[in-house]
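One chain, chain A, links the two complexes that follow: it is found with chain B in the first and with chain C in the second.
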Partner chain A sequence: MAKRVQCELCPNGCILELGQHSKCRARMNKDGTLYSLVYGKPCAVHVDPIEKKPFFHFLPGTTAFSIATAGCVLSCKFCQNWQISQAKPEDTDTYDLPPEKVVSNAVAYKCRSITYTYTEPTVFYEYMYDTAVIARKQGIKNTMHSCGYINEKPLRTLSKFMDAADIDLKGFTEDFYSRICSGSLRPVLNALVILKEEGVWLEITNLVIPTLNDDLNNVREMSRWIAKNLGADVPIHFSRFFPHYKLTNLPPTPLETLEAVRKTAMDAGLKFVYIGNIRHEGENTFCPKCKKVLIERMGYFVKQNHISNGKCTFCSSAVAGVWS
Partner chain B sequence: MIPAPSLFPFLLMGLTSMLLQITVLRLLLSTFSGNELDIGITLSFWLIYAGIGSYAGKRISFKHAFWMSFALIAFLSLPTFIAIKAIRTLLSLEPGEAVSFIHTISSTALTLFPLCFIIGVQFPLAVSYAGSRNAAGRIYGLEALGAFLGGALFTFVIASRISALELCLIVSLLNLIAALYLSRKKFVLMLCLIPLFFYFSFNASAPSFLWHGAEITHVRESKLGEIAVIKVGSQSSIYANGQLAFSYPDAQDEEMTTHLPMTVHPLPKNILVIGGSPGILKELLKYQVDQIDFIELDPRILDFSLGLLNTREDENAVKDPRIHIVIQDGRRFIKSSKKQIYDLIILNLPQPSTASINRFYTTEFFREAQSVLRKDGILTMHIPQSTGYMGKRMQTANGSVYNSLRAVFQYVGVTSQEYGMLFSSDTHIDSNPDLLERRFMERGLSVRYFHQYIFRDAFSSFGVDYIEQRLSETKFINTDFRPSAYLFNLMLWAEIHGGKSFFPFLRIKVWHIFSAAVIVLVFLSFLLFRQRMRTVSFSVFTTGFSGMSFVLTAILAYQSLHGYVYEMIGILSASFMIGLWAGTSATKTARKPLKTLFLLEVCTLFLAALSLFLFKSDFILYFLVFCAGIISGAQFSTANLSIGEPTDGGRLYALDLFGSFLGALISSLIIIPLFGIPSALLLIAMIKAFSSMMILSLRPFYTH
Partner chain C sequence: MKRREFLKLFISGAFFALFSKKANAEKKPVKLLKEAMFWRRVD
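For the complex of A and B:
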């Protein structure tokens, strides 16, 4: 009697026959049991400044030990990590790094946090969870960069050990998500709300792609939704698009588009709106009250930091974030 | 005898076929972002459909068919043009998205069918119209002449002057004139309205469906193909054959391309910039330079880019006496330069995803660059960036460039993944981030996007080590005759769309192919030994195969050597066609056909072997293609004579056609990308050697 298995990790909800692989390629049905094909086998391992993830309000100036396995729940046409996210785990060159080793390496490299990133951490959920538990015990923080395409139950469980999350809100229409990402918007919005409820520090990233998601009306809608449902304190990063993967011939985002998007978001009430992938005053953190520069950044490098005890050193108002 | 005035329709047939073929190729190249592998696909399908058309045409005996075929061609040209333009929209592709392998083949196959079929049908209709006994031979000759005229016209007059749409219209109207002339019916004049209708309606609606959200500001023909400028906000982007060349203004990119290499070199005074946006010039002038040479191959691209400049800084930079702007092919310029004067050469071209760009990333080019660089000069270029992980395709493509540099220069330095820059020199390059940071700050330049912290990110030891390790894992070297660009495109298809089915394919090695070929040939020898009919059939099949393989090899070699085969493709194809006709007529009455056939096979062998050395020379390439045509035509003719078949129609014709189809497809999609041009020539030589041996086995040829 053939034993089918349904994976309940993400909204794809793959129903797998014997021997079949999931849509994210990282799980399979072996003899009636769901197995992970990527546990302990990352293909990307690097030490990066945490500003790269991008986290601007979480332990600034520290480094993050970053890992990723192959596979992803979506198939975004502009993915810059497509070589691993859209690959099969069997086709990538991997390291052998069980959870304890991830943490010991992070300690050895003097990283304050571990980041589950590059591809989609949801696909290596068990690996991430086990590593996070060990890291928490050793005082290492856990952060992730995800597309937010994960079901409620696993997300809440994970949130107990996750200290910060950067979620890609790629667009604000169902059409964009289905046409360009082969996914859907609603689950991402749900995940954002859940993370906020669970007290995980949240930052949002949006890649601004010319002609596809640069419509200012949508940006305004999105900013209003964030202000209303997550809070005006949630930092949002608007990044410049460069041609990649299937969209190799689309031009890069013009700077004026990024500035217009930033202004729209700030006008809609968001307090911390950043521009990424290009040097701009939008890389700096400004005090929402007195407007002075609190953190000056150049690329991933922090030049000055005027926040102490979570407060602006000029006017003493509290600045949202996890500063130590 | 065909009276002189009515030579016109037959000449027109050849002219039309050639001009439409080139136009269609140009459009398809642009639709598929300049991917030259589609040249093989297009030519193969053109052949097969024309062949099927010929076969069907013999069965038509209705009186008005001949003049109506001209009218049909007139009706089909513009719709075919429109269909090709619509491919991207119909496949729901985002602007800028690459087309998958399956879709490339299927859309080429579907759009070409109606037009090519009718063109094929015309030949037998022409023969029955002419009525006289040796009509086929004469008409074939006239067609070849018309094709040659079309090819010459295209290369010397039309390319870069008349747009594809206008050319289709002109060809349609000419064909309607022929229809009018042949039918002597006045109403045919009215039919001119149909192509005119398509022309005007396309002109009116085109921009809207091609690039939604962006504005198309200019489109022009050039020797490279189609150059287009689109505008998003106030940023314009220049595209050559559907491939993004650069955007302007893009200060971030201009600064990165300038200040990173200019800081790595301790004292750059003489600089050569190849390609890219002229926005880089104002950045370079911020340094104490003596001279900057800026080379751009395509005069159209230069025109457009200079016309885009919209700041005082950029406009002044271009007029600065230290700047020399040269319109010439970068490689030709360097070859004619001969003096070691440059401190820094900045290769500012897009990634080598087409052979025409790939020629600037080969060992031959690097040697040429080295010869004009000072001993401590640096050659710099960028390769596609990645983050986190470098996959197999990028590894192969980037690794082959890296290896090619290492084969030429003493020292090759890399940056971390997100910067994707390579620096090569014969003197050690010090890329210590602190040193570079200090040097940059000391120069006190005013920049908006570049900053000193970039050096520690670009040259972090962790990042640099990772890249060096990944790039060294591949052993490929990129050469003119074995361009990795073609392989790169195959792998791109495999990785993005084809998935598992492609990869085993890509692991085939040269010796696999040759061993497999040997095994197949040994097996065949049992079937063919001393079997006249079979041997001759096989010979004809391989003639078609090697003839088209040779043409494709010549075209792809030309592209990877010179970069603008599009302009020359008319002359190249036409040389082959004239050769075909010359070969066929010269051997019409050969008295010892089998012996002649044997000798011709041996000639092909020599031709393939010689080409290995002679392809590099411009002029001789055309002559070689012409010879290939003669030999192919003569082989076909003598083969038919030796078994007593008429040449038009019949089994041998079908075999020749099928062989041509396979030859075009296999050499352009498999042999050349995977194994390079020398291997393709060797394969042709091997097959022909075998075929000639089999013919030898038929001795004695005649009982005297």
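For the complex of A and C:
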């Protein structure tokens, strides 16, 4: 076998014969060289509230220029964006939007940040990296919403230009990652620790799926791990599941489940525990010290913000986050 | 949901529906492939 290559970007470690595509569909061995098939070709380009990512402790009330290309390193049965994440690049409608154009668009639309999101940004790593370098020079922040399924070297390289990351911690067992996501838990935990070490602002999202990852003992274990290894200040978003893709047989997550999960995480020591995809007081940020509402939200919209210079305006205690 | 809350939600939804725009990306000819940053030859 001649001219085989191995992709070293994610733990899948695809070894590709000539002409073969990677598992994520976004890379190809062409004449013995590995190429990205999606560089500068996003299939989704939008201006979103930063709260949609979700980031609740990072420049609240601002907008993020958001891009994605086709492809994903995982194959989650519950994927909420499967039409593009599980598609081949050639099967999606794309724009021609090179990195410098992404940044100039972000400036033109008065976005404080660029978010690499919707699918899995690891698959368009080179595009994300080049864009992030230009954005940093122009004072635009870089953020990503990722599954955290990426190897250490590329993640540390990227972290130098990444201001914030929201990582999907989809479950807390190897069995869940293996059966439901075609992946593994350990690399995701490693990525979380690396991002923390590199000083990237970190938030975590967990989609609560009835019967699959809503066991409270498991949630408690996950929350304790976060508090111990990342810190109790790391915000976690428990999102409501809706039946999509290959999991249309399950019901939407009941509100009672989300409330129980939230309480479990707070009892385990986490200070900022949110509920998403449903209207609830769990969308709001509360001061860990005086317990007053600091940021009142309605969906993606900020109604009130009582954080000033990173401090609670009621009791003056510091609130973890990037506020300006 | 109270009438006042409903109206707030409705008006904010209408505002974003009217004024949010899909980014004005350019349509250009397909460009060359980009070499990946992290890979190695096996053979």
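In this text, the second predicted complex is superposed on the first by the 323 of 324 C-alpha atoms of A that agree within 3 Å, B and C clash if a C-alpha of one lies under 4 Å from a C-alpha of the other, contacts with A are read in each partner's own complex, and residues count from 1 in each chain.
Quick note on the criterion: a residue touches a chain if its C-beta (ideal position, glycine included) is under 8 Å from a C-beta of that chain, and two chains touch if they have at least 3 such contacts.
Being a predicted model, the structure only gives us computed values, none of them experimental.
J.: In the superposed arrangement, does A:211 touch chain B (first), chain C (second), both or neither?
T.: Touch partner of A:211: chain B, not chain C.
J.: Go through the superposed model and pick first if A:269 touches only chain B, second if only chain C, both, or neither.
T.: Neither chain B nor chain C is touched by A:269.
J.: Just chain B (first), just chain C (second), both, or neither: which does A:310 touch?
T.: In the superposition, A:310 touches no partner, neither chain B nor chain C.
J.: Output check: A:199 vs chain B and chain C. Expected answer is one of first, second, both, neither. What do you get?
T.: Neither partner.
J.: May I ask you to decide whether A:46 touches chain B, chain C, both, or neither, giving the answer as first, second, both or neither?
T.: Both partners, chain B and chain C.
J.: Check whether A:19 is in contact with chain B, with chain C, with both or with neither, and answer first, second, both or neither.
T.: A:19 contacts neither chain B nor chain C.
J.: Just chain B (first), just chain C (second), both, or neither: which does A:298 touch?
T.: both
J.: In the superposed arrangement, does A:87 touch chain B (first), chain C (second), both or neither?
T.: A:87 contacts chain B only, not chain C.
J.: Under the contact definition given at the top, report the residues of chain A touching chain B in one complex and chain C in the other.
T.: Looking at chain A, the two contact sets intersect at 46-47, 298-299, 301.
J.: Quick one: in the complex, what on chain A touches chain C?
T.: My answer: residues 1-9, 15, 27-28, 30, 32-37, 39-42, 45-47, 65, 95-98, 101, 105, 109, 125-127, 129, 151, 153-154, 157, 298-299, 301.
J.: Sort out for me which residues of chain B touch chain A in the complex.
T.: That would be residues 33, 92, 94-98, 211-214, 230, 232-235, 237, 239, 242-244, 247, 250-253, 353, 385-394, 448-454, 456-457, 462-463, 466, 495-496, 500, 503 of chain B.
J.: Residues of chain A touching chain B in their complex?
T.: Listed in rising order, the residues of chain A that touch chain B are 43-44, 46-47, 66, 68, 77, 80-84, 86-88, 91-92, 117-119, 179-180, 210-212, 240, 242-243, 245-252, 254-257, 278-279, 298-301.
J.: Note which residues of chain C are touching chain A in the complex, please.
T.: Against chain A, the touching part of chain C is residues 8-9, 12, 20-31, 33-43.
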